[in-house]
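Consider the two complexes below, in which subunit A is the common component and subunit B and subunit C are the respective partners.
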Partner chain A sequence: MNQARSTPFNKAAMHGALILYTLIALFPVFVILINSFKTRRAIFREPLSLPDADSFSLIGYQTVLKQGDFFLYLQNSMIVTVASLFFVLLFGAMAAFALSEYRFRGNMWMGLYLALGIMIPIRIGTVAILDMMVATGLVNTLWALILVYTAQGLPLAVFILSEFMRQVSDDLKNAGRIDGLSEYTIFFRLVLPLVRPAMATVAVFNMIPIWNDLWFPLILAPGEETKTLTLGSQVFIGQFVTDWNAVLSALSMAILPVLLLYVIFSRQLIRGITSGAVK
Partner chain B sequence: MQTRRIRWHIAVFLAPAVIVYTAVMIFPLFNTLRLALFSRIDQERVFVGLQNFRTLFFDPIWAEQFWNALGNNFWFFIIHMLVQNPIGIALAALLSHPRLRFAALYRSAIFIPTILSFVIVGFAWKLILSPIWGIAPGILDAVGLKSLFAPWLGKEDYALTTLALISVWQFVGIPMMLIYAALLSIPEEILEAGEIDGIVGASAFWKIKLPLILPSIGIISILTFVGNFNAFDLIYAAQGALAGPNFSTDILGTFMYRTFFGFQLQLGDPHMGSAIAGAMFAIILIGVCIYLFGIQTRMRRYQL
Partner chain C sequence: MTALSLTNVNKSFGKVHVLKDINIDVAEGEFVVFVGPSGCGKSTLLRVIAGLEDATTGDVKIGADVVNMSPPSKRGIAMVFQSYALYPHLTVRGNMSLALKQERQPKDVIAERVNNAAEMLNLADYLNRYPSELSGGQRQRVAIGRAIVREPKLFLFDEPLSNLDAALRMNTRIEIANLHRKLGAAMIYVTHDQTEAMTLADKIVVLRDGRVEQIGTPMELYNNPANRFVAGFLGSPSMNFLPAGLINEGDDRTIGIRPEDLRISEDGALNATVTHVEKLGGDTNIIAHVNSHQITARLFGQHDVEEGAGIRLGFAAERTYHFDASGARLG
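Coming up: the complex of A and B.
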């Protein structure tokens, strides 16, 4: 069918271009990872060779584990990310259900109001957010971050989820109503399970920006007890600029959790983007 | 539906989202704009009207920094538009080719930089471009271009462009994915109709596909705009809050951070910080409005 569009030469050129770009994309990550396992001398002598029996060393990782509270930071990042995603999904789905299911006065305005935040970054309001967190004593707690990320994620979540909830069949919901189910039961028992794929999409979209954010942890929760992994590695690396083993190992340890998340969720992420959820 | 009964469940469903969103996002946004109209004089918060903005735009010390940051920010944005989006479109065009083998593998690999945090990206490139380590000069040497090497991140002339290109490297995955999705949604019949008329290969891309994906390119442009004028993390991670060398990589995000939070010898000034946030808000709002009313409504949409 598509014979006219693909000659062997074209195919080769296309693969060539894609392989070249894939190398550009992966090269820095690769260099960091392999050098984190080498001795200091090997890092400088042969930066591009794989670690071998001679040059293999874990000294950098030892420094990182001794000096930084890596596991505490990792735990903080996980708590913040999981809790924010939970609230974004729960509150977002509830609001999306109200907007897509019921006709009431102000429905359209409410939808527009909630959609405003899709385009306007929450960072603009940082000065007042910090004021508010200081006033309520939430500064340097993980709650400050969870609240901010929940607010940041809600607009897009409501927008995407209400699109999907409009497609849930009315007959099903009405059948539930005739059987005497309350509106809450209809939402939790009938509608939520049906929009689970859309919820997964929203979760994956929100997960990476929350995990990687540096701005709000730096401003709202810079204390030792509440540092996230992103902020923790920034501070740690800043202190150890001259200890290349430690810096490379810290970078690798920061890369690994995200890479792991990506491997687990990449199908969901790519399906989410390509299914046109953000069109 | 019965008459005039208050349907409390609607309120219950809406309340949590509306309360959190209003309290943590909308209210602080307006409160920040309000704070920009005040100043702290002798420990008292005093209403000063637009004085902060006058200082920001015209006072020699402030204005120099502000226009520098704004200009840098525009350059940052222009590089993204000229490099990131064309590369993203080209990659998507290649990937969307029917029956291309390993397409999923390329796609996942090219998207990896996008999921990494700015901290990782900033430091990784800093190490790679560092003259001490010698990876970048070594590679240039291998292709016979060693004379081109310079400590790019350390030179005032190149640092901002280098950082913009690093950011492009990181985010190319997003336009690639969105355009890829748009290209996949073009029905096969249209391309086959073109084929019958003899439009194949590159000209099929320029004459058929590109006009059809223009709306997606518009969305990518506005996402890039908002993202760039809100950027902070990469510059902070790579160059610190002083956005060195000599403020040559200072953009609005780092300028605002330094101003309102304070850095080293400079004391934090939340009111001037709010004024900068106000300026950023205005710039983003203008950009979004130009897109919504100037571009999106005029763009021809084809019914597929």
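Coming up: the complex of A and C.
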């Protein structure tokens, strides 16, 4: 950073603001984590205190691991999230490439049509989607969820990625064409690596809502074999009694994988930004 | 034998007519420069030749074949881009050999051609570096090397020097000229810089608004421009245009005088006021005003002229050009 512009006061104020924001953002996660290690009574008596010798208990985790099939749910969630992200990125990038690279009749209308999905919540079509899934026999399969989430993520992906792909140098693509590269090679080898930061952004945007979604798993895949983690955790929330130990423990464990995915993608994001800056 | 011939090439983007009836022949081994102001269609024309754009009508013939329907890689051409357009994920060697690998050339042929090109361009020490580790001039040489290894019938250069600084530009210009002499292949070079056009070309094609204004050797165009646009575009500083009425009462033509044909003389026909003097050491450029018309005189050697001074500028009548109101050359 420029020496002349960074006074100690500026620095302190900047870091103060960032630290404050971090605390606010992490507080709920922190509360979930500490309470997942406490007895039920301690959770309600002093929700903000750390677990001590008296209140420490692993009962929540034991319940979660005993009841229901936690690791199957985790696996389902992982499969659905990763597969959906893969398809969103693949098809989104391909559509964005076509829209930004080729001149064809109705190019602009096609782009607008694809972006329209950003404005229309997919849940409005739940009944129709359910009908379709029943007709195609996809109910209670992970494919039902993957297809729906792919459809849900594509509009924004196409919108963001086509904006970025317009910035990729035409000369580079043309050089590839003159050297005899196929359009697919140009897309995968030349263009995709250059829009990696945008891909990471799209991935992060899409990942969290998919991982946390309760609506579609509940409607399209409520079967024991296909339950996602979010849906699986609901067994502990009853109409009259809620097993808070188990809910908090399940949530704590559900945070970890998504955190891991986030770290992977944000690495890409940072690497993409710096590699662009220093050329 | 022609390396390239364009017959009645037209190109439209929607309703915008970008290239209008272009007819150009390029002989084997000839260095042809397309020159014109930005937006004149010269880059589009190059893209049509390369096959990156399709001509709306007309034929593109490279060597003996009409290539209208051939993809760029099958046209026997190689292109050097303004922004270098090196593949960022490949080393210099990878960049230069990619096209040959695509053609499925045997490994030893690839290695030999890459090494020869690297030798020719002084890139031998950099073959294992990535483009991001090279300077601008080196990147441009890699881009040229990538074209050389393909041994094309026709080289296409799209403003290859505009991203380089002035000193490097001059050196690279000379390198390109040497390269042309060594390789003997036909080259087409697009630029908006008239100095590059004059110094490199065997033949210059001046374009304006998608039309060919004039084709000829640099000296033909300089000494015998077909119209006011060509006269004004070539030469630096550019030609002075004055209403001939300033000299002969009632003459409604425009008179064109090259700056180097103007002399300070007691009995000069033009009465001018000096507004600015550029002393270049070898030359002195005097910018003056005749009434409200700006005029530039280029004097050889060093001259002390005061700004604001009144001078008389003379010229030889046989060194002038006359144009009518539409810009066409008269007599």
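Throughout what follows, the second predicted complex is superposed on the first by the 199 of 279 C-alpha atoms of A that agree within 3 Å, B and C clash if a C-alpha of one lies under 4 Å from a C-alpha of the other, contacts with A are read in each partner's own complex, and residues count from 1 in each chain.
Definition applied: contacts are C-beta pairs under 8 Å (C-beta built on N, C-alpha and C of every residue); 3 or more make two chains touch, one makes a residue touch a chain.
Note that the coordinates shown come from a computational prediction; the quantities given were computed from them, not determined experimentally.
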Q.
Output check: A:132 vs subunit B and subunit C. Expected answer is one of first, second, both, neither. What do you get?
A. first
Q | Contacts of A:189 with subunit B and subunit C, given as first, second, both or neither | A | second
Q. Of the partners subunit B and subunit C, which touch A:152 in the superposed model: first, second, both, neither?
A. first
Q: Using the touch definition from the top, say if A:108 reaches subunit B (first), subunit C (second), both or neither.
A: neither
Q) Which partner does A:53 contact after superposing on A: first (subunit B), second (subunit C), both, neither? A) neither
Q) Of subunit B and subunit C, which one touches more of subunit A's residues? A) B
(Q) By the touch definition at the top of the document, which applies to A:175: first (subunit B), second (subunit C), both, or neither? (A) second
Q | Touching both subunit C and subunit B, counted on subunit A across the two superposed complexes | A | 278-279
Q: Flag every residue of subunit A that touches subunit B in the complex, lowest number first.
A: 1-2, 4-6, 10-11, 14-15, 17-19, 21-22, 24-26, 28-29, 31-32, 43-44, 47-48, 87, 90-92, 94-95, 97-99, 102, 104, 110, 114, 116-117, 119-132, 147-148, 150-152, 154-155, 158, 182-184, 187, 208, 211-215, 218-219, 230, 233-234, 237, 244, 247-248, 251, 254-255, 258-259, 261-262, 266, 270, 273-276, 278-279
Q | Residue ranges of subunit A touching subunit C (in the complex, touch as defined) | A | 169, 171-172, 174-181, 189-190, 193-194, 278-279
Q. Taking the complex as given, what residues does subunit B use to touch subunit A?
A. 7, 9-10, 12-14, 16-18, 20-21, 23-29, 31-32, 35, 87, 90-91, 94-95, 97-102, 106-121, 123-125, 127-128, 133-135, 138, 169, 172, 177-178, 180-181, 184-185, 192, 195, 200-201, 204, 216, 219, 222, 226, 230, 232-233, 236-237, 253, 256-257, 260-261, 270, 273-274, 277, 280-281, 284-285, 288
Q) What residues of subunit C sit close enough to touch subunit A in their complex? A) 47, 50-52, 71-74, 77-79, 81-89, 98-99, 102-103, 132, 146, 158
